[in-house]
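In what follows, a structure is listed as structure tokens, so that the remarks can point back to it.
By letter and in written order, the chains are A, B, C, D, E, F, G, H, I and J; residue numbering begins at 1 in each of them.
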Amino acid sequence: MTRNEVTDLIIANKLRKKLKWAQLAEAVGYSKEWTTAALLGQMTLTAEQAAKVGAMLELPPEAVTQLQVVPYKGSLPTTVPTDPLIYRFYELISVYGITIKQLINEEFGDGIMSAIDFSMDITREPDPKGDRVHIVMSGKFLPYKTY
Amino acid sequence: MTRNEVTDLIIANKLRKKLKWAQLAEAVGYSKEWTTAALLGQMTLTAEQAAKVGAMLELPPEAVTQLQVVPYKGSLPTTVPTDPLIYRFYELISVYGITIKQLINEEFGDGIMSAIDFSMDITREPDPKGDRVHIVMSGKFLPYKTY
Amino acid sequence: MTRNEVTDLIIANKLRKKLKWAQLAEAVGYSKEWTTAALLGQMTLTAEQAAKVGAMLELPPEAVTQLQVVPYKGSLPTTVPTDPLIYRFYELISVYGITIKQLINEEFGDGIMSAIDFSMDITREPDPKGDRVHIVMSGKFLPYKTY
Amino acid sequence: MTRNEVTDLIIANKLRKKLKWAQLAEAVGYSKEWTTAALLGQMTLTAEQAAKVGAMLELPPEAVTQLQVVPYKGSLPTTVPTDPLIYRFYELISVYGITIKQLINEEFGDGIMSAIDFSMDITREPDPKGDRVHIVMSGKFLPYKTY
Amino acid sequence: MTRNEVTDLIIANKLRKKLKWAQLAEAVGYSKEWTTAALLGQMTLTAEQAAKVGAMLELPPEAVTQLQVVPYKGSLPTTVPTDPLIYRFYELISVYGITIKQLINEEFGDGIMSAIDFSMDITREPDPKGDRVHIVMSGKFLPYKTY
Amino acid sequence: MTRNEVTDLIIANKLRKKLKWAQLAEAVGYSKEWTTAALLGQMTLTAEQAAKVGAMLELPPEAVTQLQVVPYKGSLPTTVPTDPLIYRFYELISVYGITIKQLINEEFGDGIMSAIDFSMDITREPDPKGDRVHIVMSGKFLPYKTY
Amino acid sequence: MTRNEVTDLIIANKLRKKLKWAQLAEAVGYSKEWTTAALLGQMTLTAEQAAKVGAMLELPPEAVTQLQVVPYKGSLPTTVPTDPLIYRFYELISVYGITIKQLINEEFGDGIMSAIDFSMDITREPDPKGDRVHIVMSGKFLPYKTY
Amino acid sequence: MTRNEVTDLIIANKLRKKLKWAQLAEAVGYSKEWTTAALLGQMTLTAEQAAKVGAMLELPPEAVTQLQVVPYKGSLPTTVPTDPLIYRFYELISVYGITIKQLINEEFGDGIMSAIDFSMDITREPDPKGDRVHIVMSGKFLPYKTY
Amino acid sequence: MTRNEVTDLIIANKLRKKLKWAQLAEAVGYSKEWTTAALLGQMTLTAEQAAKVGAMLELPPEAVTQLQVVPYKGSLPTTVPTDPLIYRFYELISVYGITIKQLINEEFGDGIMSAIDFSMDITREPDPKGDRVHIVMSGKFLPYKTY
Amino acid sequence: MTRNEVTDLIIANKLRKKLKWAQLAEAVGYSKEWTTAALLGQMTLTAEQAAKVGAMLELPPEAVTQLQVVPYKGSLPTTVPTDPLIYRFYELISVYGITIKQLINEEFGDGIMSAIDFSMDITREPDPKGDRVHIVMSGKFLPYKTY
């Protein structure tokens, strides 16, 4: 059973059992963002967490074991994503990439925003002209080490 | 004078005159994020805005005119960005792409977060363990039209 | 059962039962363009719509469920399509892309034509020199938000 | 003087002289769509047409000559366009490509919509919820020859 | 049963039954070039033609049905073909592409040679210094429509 | 002076002096196909041939010398050609590639059609339904050597 | 049974039966280089040769038949080979490619070294500083035909 | 003056002064293969060698200095070479790559043929059926270190 | 059973039997780095080594045999690795590539660091500010042979 | 003056003035690895450091200013490096990538080795069988944040 097959099984069973990502996150004890990523093969669960979601999703033991193994990450089938929802984020990097770099470097100096010591929060922002997707990202600034 | 040459000139003169993006944004009257993107060839200024930043940056009239023209957008030289700061954002899409899609679709239904009716705010988040880059994105949810 | 397998099954059964896309669209209650896209894994049906086409196409319950899930979109196997019919549309973008951009930007200012708040109508245009394919596209103009 | 330099010159002079594509099209005697494409290096003008727009745009004789030569076509710098306005059309092909093929083949049999015996009309469609871009495409259906 | 599986079955059965493409073409009633393309998943047979070759090749009913459906075209697994015989044709386009364009445009004006209203004939050309492959291509010239 | 600059100069001067490829071919003493390819940087002229076309095209001595040097071949700027006229030939290989291979291998055995010991003839084929482009290719069959 | 499956079977059985390529070549009656290429799906055996190696390798009749069919050639899974042994040859072309071209063209004029009328011999070259791989390639020079 | 400009100058001056690569190699004191590669920007000359060829080719001092600097290697403009002469070598790797690997690994065990401790000799092999290009490659076998 | 299937089986069984790479390396008698690479299909074991790890991992005889065969190397599914841990090494080459080349060439002259006569050691480097990954690479310098 | 032009100037002047990277590093006060990367456009100098190396390398003021600006990083012209010395490092990632990941994850858990809080030391390792390149890399382990 490959990790991709575990992911497919999770999606299928979640659908069948009408579970929400937030419910699974509650069982795991972390945010819905981190938990969803973990269940989609991008993060690593502890034995206890894996057992809990395994029970909720009726996963076989082999799948529960796999959820505790560090996965080979990267969730997209193509270099430039074809799905319109995901592409919009790629487009934001394309349009705003140099802008983001200029502003972070001007404020912090040479370095990066970590994608590892990182958290994200996605919520609905009510708006009379149409609700908005509200995303907060927080990543530790890592200055380039000099040596 | 091509638009890329205008961008190069803006970066060089900004450097020489020791201006900050936030100062230029104040003259334009919009956020530092939007203004930086505009000056880097991704958004379009009004005649008045272009005149103001043109004066601050000592741009020739031809460059001031070009800032008022809708540019061909996309600021990166390669499909997968090589600069580590920008790459981290590409990596976030790669690792979290499907997660973001699952959460937005579960909350809003089928549709996308607009990258056009969109704003972004980048700030420093003080943290005793090392300051963090704090990014807030807000994009209108656009449901797929049925017809 | 993956979404691609659902799509293959729909195409096979439609062929076997000699159904037309327009007949399926009638059951769904939307246009033949939207319905075909939905059945080919690009749009999302309601439970009622899925049940109706599921019955017409003799789909198993699992497939009927999948039709109600937001799919990962993008229907083509290669970045540049090899099928001549579809390639002609890619060619139109290649030849007319900058033209379309110039004309829309000149008329509307900086922004895009939405591909989400969008509808399309494909009909036969009789012509003594050979009938023509007549396509009408209508997408909401979205101006770039300034902030 | 290469054809790309002619195109750059046309865009620069059009900007400086504040001409609209529709005004240039009137001089050429064809639609704004065809004329814009021609001036952007995708179609071929007659000597008379080239002389007229050359005068309006104050082009040197060498540029006027080049406008009468069949160009090497294709107006985009990358395989997948980065400009958001143009990308939306690429996305429409990605999402609707198979749908378009199914509907045309079902109606007309095996063949293509010509991108050569083709015309396009782009207009503003007033709409209280926000004006729309209205595009009509008409291409001759070409059945695959059997032999 | 996918179209690729139909193609594999045709090749396997043709081999087993020691049939020549020309014999299958005779049954279809068209040239060996068109018939081979059709049986390899690039053209569409009528019900009668499909029944005839189905019988000769002992194809199951499902395969016979598939031969009557317009296929997704494009027969090569890579953008640049690796097979030496097929690559030589790609090389001819690479070396002679601009030449062909110059000569056709000089003779006919702006337009293309149709790849749809097209026929091809491949024969052996006896030659004392070594027989030659003789290929005749005939495609309708399609002038760019002006409008 | 690079070979590309020689090619650009030839095209520009041919245009200015209103010469046809067939006229230049007559001076060279070979077909219009081979001569055009040579002048576009794909074949190699003798000193005498280079001098003749150099005079007709008013080329500087350096360019005349370059025409006698074996060029680095390949005339197209992208792997998949964007120009519609040239793309149609790429499409023919995509659609008919396996067909051509099957028919040549069935007739000649394992080997290729040479693209070196090769000639091509492009003519206008009058047709009441619209003139056709008629292309005859002749390449020596080269069987795979066994050893 | 696809050709790739035949190749896999040959490699597996050769391993199990502890046969050397040279032994199989002896049965075929050609060199170890040509025979290995043939058994790996790049050349075509006669019925007699196929029967002999089929017996040695205990291949099923279907595989023996396939070895007599001209294969779709090209043995590598990626455009730039990842295997270090094979990559070194790619690197030699990258580093020495223009050198080889210059030397062959200077000696022979415009043309190529045939990869069809070609033979190769790989042997061990004893050397006190470490044995060397000794490869001799011999390909017919093919001058570009003028016409 | 970049290294590419040095290479262009060497090719131009060699052409103007009608020098052969073998004559330059004699001055350098190495083979024509190594010397040609060095002058085309792939190997590094000593001061004495650079001075000698600099004098023969009338290179400026800056170019003579550059010839003594280790270059960034790789002589081809595209991943898959378009020039037919060079492509044939790429094709040989594609067709024979796995064969070469099998034979070297069977004879020597796990390791590679060095492309650094490597020499090559290109000569004309007279043949009544047409002269042949004869290439001898010799590379040290390097076994994979175990540790 | 393909080599990839052997690799999958090894990873699954190692997980099930809770073995560490270092334990497997002890059985093999080499370092954990070399052994892990070998078990992941990049190096070649002796019969004795394969038997030992085969017993520990409960591999079938066929898998034990495959571990003794030289594999087709290259362990990553994409040209640019998507996994963040592995990507960081790709990024180091991107950022430091020319630096490494300059420093090695300045110290050693023209040549390379061997990736075959190579060893690597990965250890934990305790650090109060957070432990570090400590990697030592040692590769034989190979000077370019002159000839 | 672009950053690439600054880099070219630094390389040219370093060559002309016969400076070693270690000498420039001494002036900067950091290691030769960091300093070389900085001068090749990958790191950022302080005003004082830039002034010192500017004086040593006789750089114009504009170049000295640019050395203090955070650069757009990535030093290689192609995705897969063509230079053999640099390619060997790419190959090591290809061959050992999964091995490195397995060993780091097994030792540290889920996370990465930082390429930002990172240092590298390249030295000559004398060896009677041929000196070796010795590279020590040290990067902080960054565990994936859970949230």
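Note that in this section a contact is a pair of C-beta atoms (placed from the backbone, for glycine too) under 8 Å apart; a residue touches a chain by one contact, two chains touch by 3 or more.
What you see is a predicted model; the values in this text were computed from it and never measured.
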item	value
If a chain touches chain D and chain H alike, it appears here	E, F
Over-half contact-pair match to C-F, picked out of the listed pairs F-H, E-F or G-J	G-J
Whole-Å gap separating chain G and chain H, where each centre is the average of the chain's CA atoms	23
Centre-of-Cα separation between chain I and chain E, whole angstrom	47
Length of the line joining the C-alpha centres of chain A and chain F, rounded to whole Å	53
Touching two or more other chains - residues of chain D	33, 72-74, 76, 79-80, 82-84, 91, 94-95, 98, 101, 105, 111-112, 114-116, 118, 142
Which chain pairs touch, all of them	A-B, A-C, A-D, A-I, A-J, B-C, B-D, B-I, B-J, C-D, C-E, C-F, D-E, D-F, E-F, E-G, E-H, F-G, F-H, G-H, G-I, G-J, H-I, H-J, I-J
Sites on chain B touched by chain I in the complex	80, 82, 84, 87, 91, 94-95
In the complex with chain G, residue positions of chain E that touch it	8, 12, 15-16, 78, 80, 82-84
Chain D partner contacts - residues on chain C that touch it in the complex	20-21, 32-33, 36-37, 40, 42, 73-76, 79-81, 83-86, 88-108, 111-115, 118, 120, 122, 124-125, 127, 129-142
Chain E - residues contacting chain D, complex	30-31, 33-34, 43-44, 70, 72, 98, 101, 105, 109-112, 114, 116-119, 142-147
Partner chain J, residues of chain H touching it in the complex	1-2, 65-66, 69, 72-74, 76, 79, 115-116
